[in-house]
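Paired with chain B in one complex and with chain C in the other, chain A is shared by the two complexes that follow.
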Partner chain A sequence: MKCRKCRQTAAVNMRHHRLALCAGHYITWIQEQTERFIKKYRMFGPDDRVLVAVSGGKDSLALWDVLDVLGYRADGLYIGLGIDGGVDYSNRSRAKVEAFVAERPHLKLTVVDVAEELGAPMPAAADLTNRGKEKPCSVCGMTRRHIMNRAAHDGGYDVLATGHNLDDEAATLLGNTLSWQVGYLARQYPVLPADAGGLARKVKPFFRFYERDTAAYTLVRGIDYMYDECPYSVDANSIYYKEILNRLETDRPGTKLQFFLRFLHAKETSRAFAQAQTDVTLNPCPSCGQPTANPAGPCTFCRTWEQVRERLVTQVGPTL
Partner chain B sequence: MKCRKCRQTAAVNMRHHRLALCAGHYITWIQEQTERFIKKYRMFGPDDRVLVAVSGGKDSLALWDVLDVLGYRADGLYIGLGIDGGVDYSNRSRAKVEAFVAERPHLKLTVVDVAEELGAPMPAAADLTNRGKEKPCSVCGMTRRHIMNRAAHDGGYDVLATGHNLDDEAATLLGNTLSWQVGYLARQYPVLPADAGGLARKVKPFFRFYERDTAAYTLVRGIDYMYDECPYSVDANSIYYKEILNRLETDRPGTKLQFFLRFLHAKETSRAFAQAQTDVTLNPCPSCGQPTANPAGPCTFCRTWEQVRERLVTQVGPTL
Partner chain C sequence: MTCHAGRDTLSPMSIKIVYRDEEFEVEPGMTIRSAVLKCGLLPEAVLPVVNGKLVTGDYIIQEADAIKLVSVISGG
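For the complex of A and B:
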């Protein structure tokens, strides 16, 4: 198999694109494609300040690298969740991010540590809440979104970028579809504009890449990343939906991409479908000031973490 | 396992409903549930004349039986497609329908034979058309819908009933969803009102029953039916989607029903989503008079079968 551009031996063969490339041309291809998606969906421009949410995993580090190479003004945000799970998960993830930055000293990284800032690491906190006992991932996701949004606001960033790839987006779409969450379907899009109430603009420049494409990019680009999945995600719905889609993709190659692209096309062409969104008015939370759909009282983040702190005191006494 | 109603030994155990019943109470349950769905969705009333499309398979014969027992004015329509497929498929299917009627002499059956009426059996006809070479099931479905609609119109029926069960509907929904056919999604519903242009009212009274429920009904009710699938359907998309849904159902029991019911709920509660339907104006076909979306010229049925007849003459000479 030879590289289509230079006829050297190919390093990556993307059957779904019928395209084989050598390492160098693959790197360029990923970067050019990303630039194409950023422009096509008008995600941001060269003057915008971009905050990239980095977990230490392949997608977010690859995204930060690509945006940096493309010359965008991209800083990083790492959220330390305090997850151990027998594999020292969070510490090792943070080390990957810090090693990445150490090789690129011009990059700026902000670290927010949940335990330091909020009083308890994520697993212990989730376990102390009614919602988190059943669904720890739900409390963790809500907390991360809150912290990302606040960091984007406080740092004066124009846009918040996440490394979600096609597999992530298709899995989310399948979940929302199987349960026909029309509101979520209406809000799923690679670009979400900033909300007047204070929600940051959000973009997903990698939404067209298969997971294996971003994995291959980190490999040929020599980016070391956290290979393990979060130890709490083993039973997560997202992984289940990914498995289903992988089976469909095996049976009928291209299913995953078509499923997501046709959804976008349906949204773009069917005005009524796109407008099926429930119009939610956001108000500033009286406690933290971030936007909330709760019309009377604090946001979910404040209520949840208030519960965590109350129960922490009850459980371990006021000496903590 | 005992029958919940009479404590005799149960014949059918519906785990998805946590309900075990003896043969007699199972029969009553299916009939009562069907009546409930007919009323809940206002499908038709006791004075309406119903035309049931019967294929000889379990669902349509079970439906005709249930409607008959419930006292509805239900006649049958059998469409002879002339399919052999090495298993004498159509003749054996027709024999099942005729045996069903022979045991119920008060029932009225209309038979339309495609080869007699249109000049060629379905497989040969499909193979003569551009569309049917690739997708014979598509030409067959279109032809059957045309014949059903005409029979309902000519016979002065108020409503056309088909035996589609939950597995059928969920499979159709999954197919339309994976390809995001918003127009089809908007039109999928257990009741479709008559169209001013001449489309008959259509209902699916069995849409809430799992396939295994209707199979169990025919068994305990002693209805003999055509067990084979159509020999042309082996590679059909509908069977593929059913397999996927069966895998999901195995992993998470109830998925199939929830998927379909939540879709209906989303349509019923999200006005915008329900209105995402493309508004199509139907005009009478200048050739057959049935409604068509083609603004200038004959309907798909007339164009397709005109092509069949032209090519038949070319192929085998005018002596046919």
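For the complex of A and C:
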């Protein structure tokens, strides 16, 4: 197969776009498309300060690289969860991020270590809570969202960017559709405006790329990323939905893309799910100040971590 | 795990495909896309790297190729 632009041997064939490109033209294509969708969805401008949440995985490092190449003012945020899982998961992920930055010394990285800041790592902290006993993911996700919002707010960033790709979005959409979670469907969108209460504006500049395409970008760009998954993600629903979507995609190229784009189109043109957009009043949490739906008391993050610290004390003994 | 894609008996020319901690055996002469499918994997979920270079699905497997399939799915 030949590159459509230069007729050299292609490195990547995107069946959903009927487009094959050589390594060099593929790199340019990904960068140009990212720019195009940042502009089309008015995600941010050249003067905005962007905080990229980087995990060490392919999508977030690829995103940071592309934003940097495009000349955006993008800093990185790495959240150290302290997950070991027998594979030293968090330390190895952090090493990938630090190696990425070492090759690009002009980039600024902020590291937040959960155990240092909050008193316990994952999953030990989640184990101590009522909601995280079985699986750490709900406590972990909520904690990460809180830390991201705080870092964006404290650092004076205009926007928080995550590396979610089209497969992530399509898998979420499939999950929410199978259970008709209209509230979630109402909120799913590649750009979420800032909230008056102080929640950062959130954008997903890679939402149009297949997971295969962002992985290909890291390979041809020579970006070394954390290949292993978090050990707690093994039977995540999202992976199951992604596999199902990939089966459809193999038989009918473009299925995933159309599934998600037509959902967006329905939201944009016929205001689908708009009535499910509940206007919950958010109040500042008396403890941390972040907006919360809890009218009389601290937010979920503060309550959960308060529980962790109380139980840590009873576990370890008050003298320590 | 071994997948003798292409032929029932293992020929001395068979090529090894590495995917995570699994290994498959395929015959030279077939496309990488059909090799991936015959090994029970989805072409949509892997990227074929041959001799260190990313290739498209129509690439014809040659003798002495070193083939790795990079999984693209991440979860959580």
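Keep this in mind: the second predicted complex is superposed on the first by the 314 of 320 C-alpha atoms of A that agree within 3 Å, B and C clash if a C-alpha of one lies under 4 Å from a C-alpha of the other, contacts with A are read in each partner's own complex, and residues count from 1 in each chain.
Definition applied: a residue touches a chain if its C-beta (ideal position, glycine included) is under 8 Å from a C-beta of that chain, and two chains touch if they have at least 3 such contacts.
All values reported here derive from a predicted model rather than from experimental measurement.
Of the two partner chains, chain B is the only one touched by A:I244; chain C is not.
In the superposed model, A:A216 makes contact with chain C only, not with chain B.
Of the two partner chains placed around the shared chain by superposition, chain C is the only one that A:S233 touches, whereas chain B remains out of contact. Of the two partner chains placed by superposition, A:L312 touches none, neither chain B nor chain C. Once the two complexes are laid over each other on the shared chain, residue contacts for A:R262 go to chain B alone; chain C is not touched.
When the two complexes are overlaid on their common chain A, residue A:C288 makes contact with neither chain B nor chain C.
Of the two partners chain B and chain C, more residues of chain A are touched by C. In the superposition on the C-alpha atoms of chain A, the part of chain A touched by chain B in one complex and by chain C in the other spans residues 247. Residues of chain C touching chain A in their complex: 42-45, 47, 49, 53-58, 70-76.
Note for the complex: chain B touches chain A at residues 177-182, 240, 244, 247-248, 251, 255, 258-259, 262-263, 265-266, 269-270, 272-273, 275-276. Of all residues in chain A, those touching chain C in their complex are 1, 10-13, 20, 23, 57-59, 137, 167, 210-212, 215-216, 219-220, 227, 229-230, 232-234, 236, 238-239, 242-243, 246-247, 249-250.
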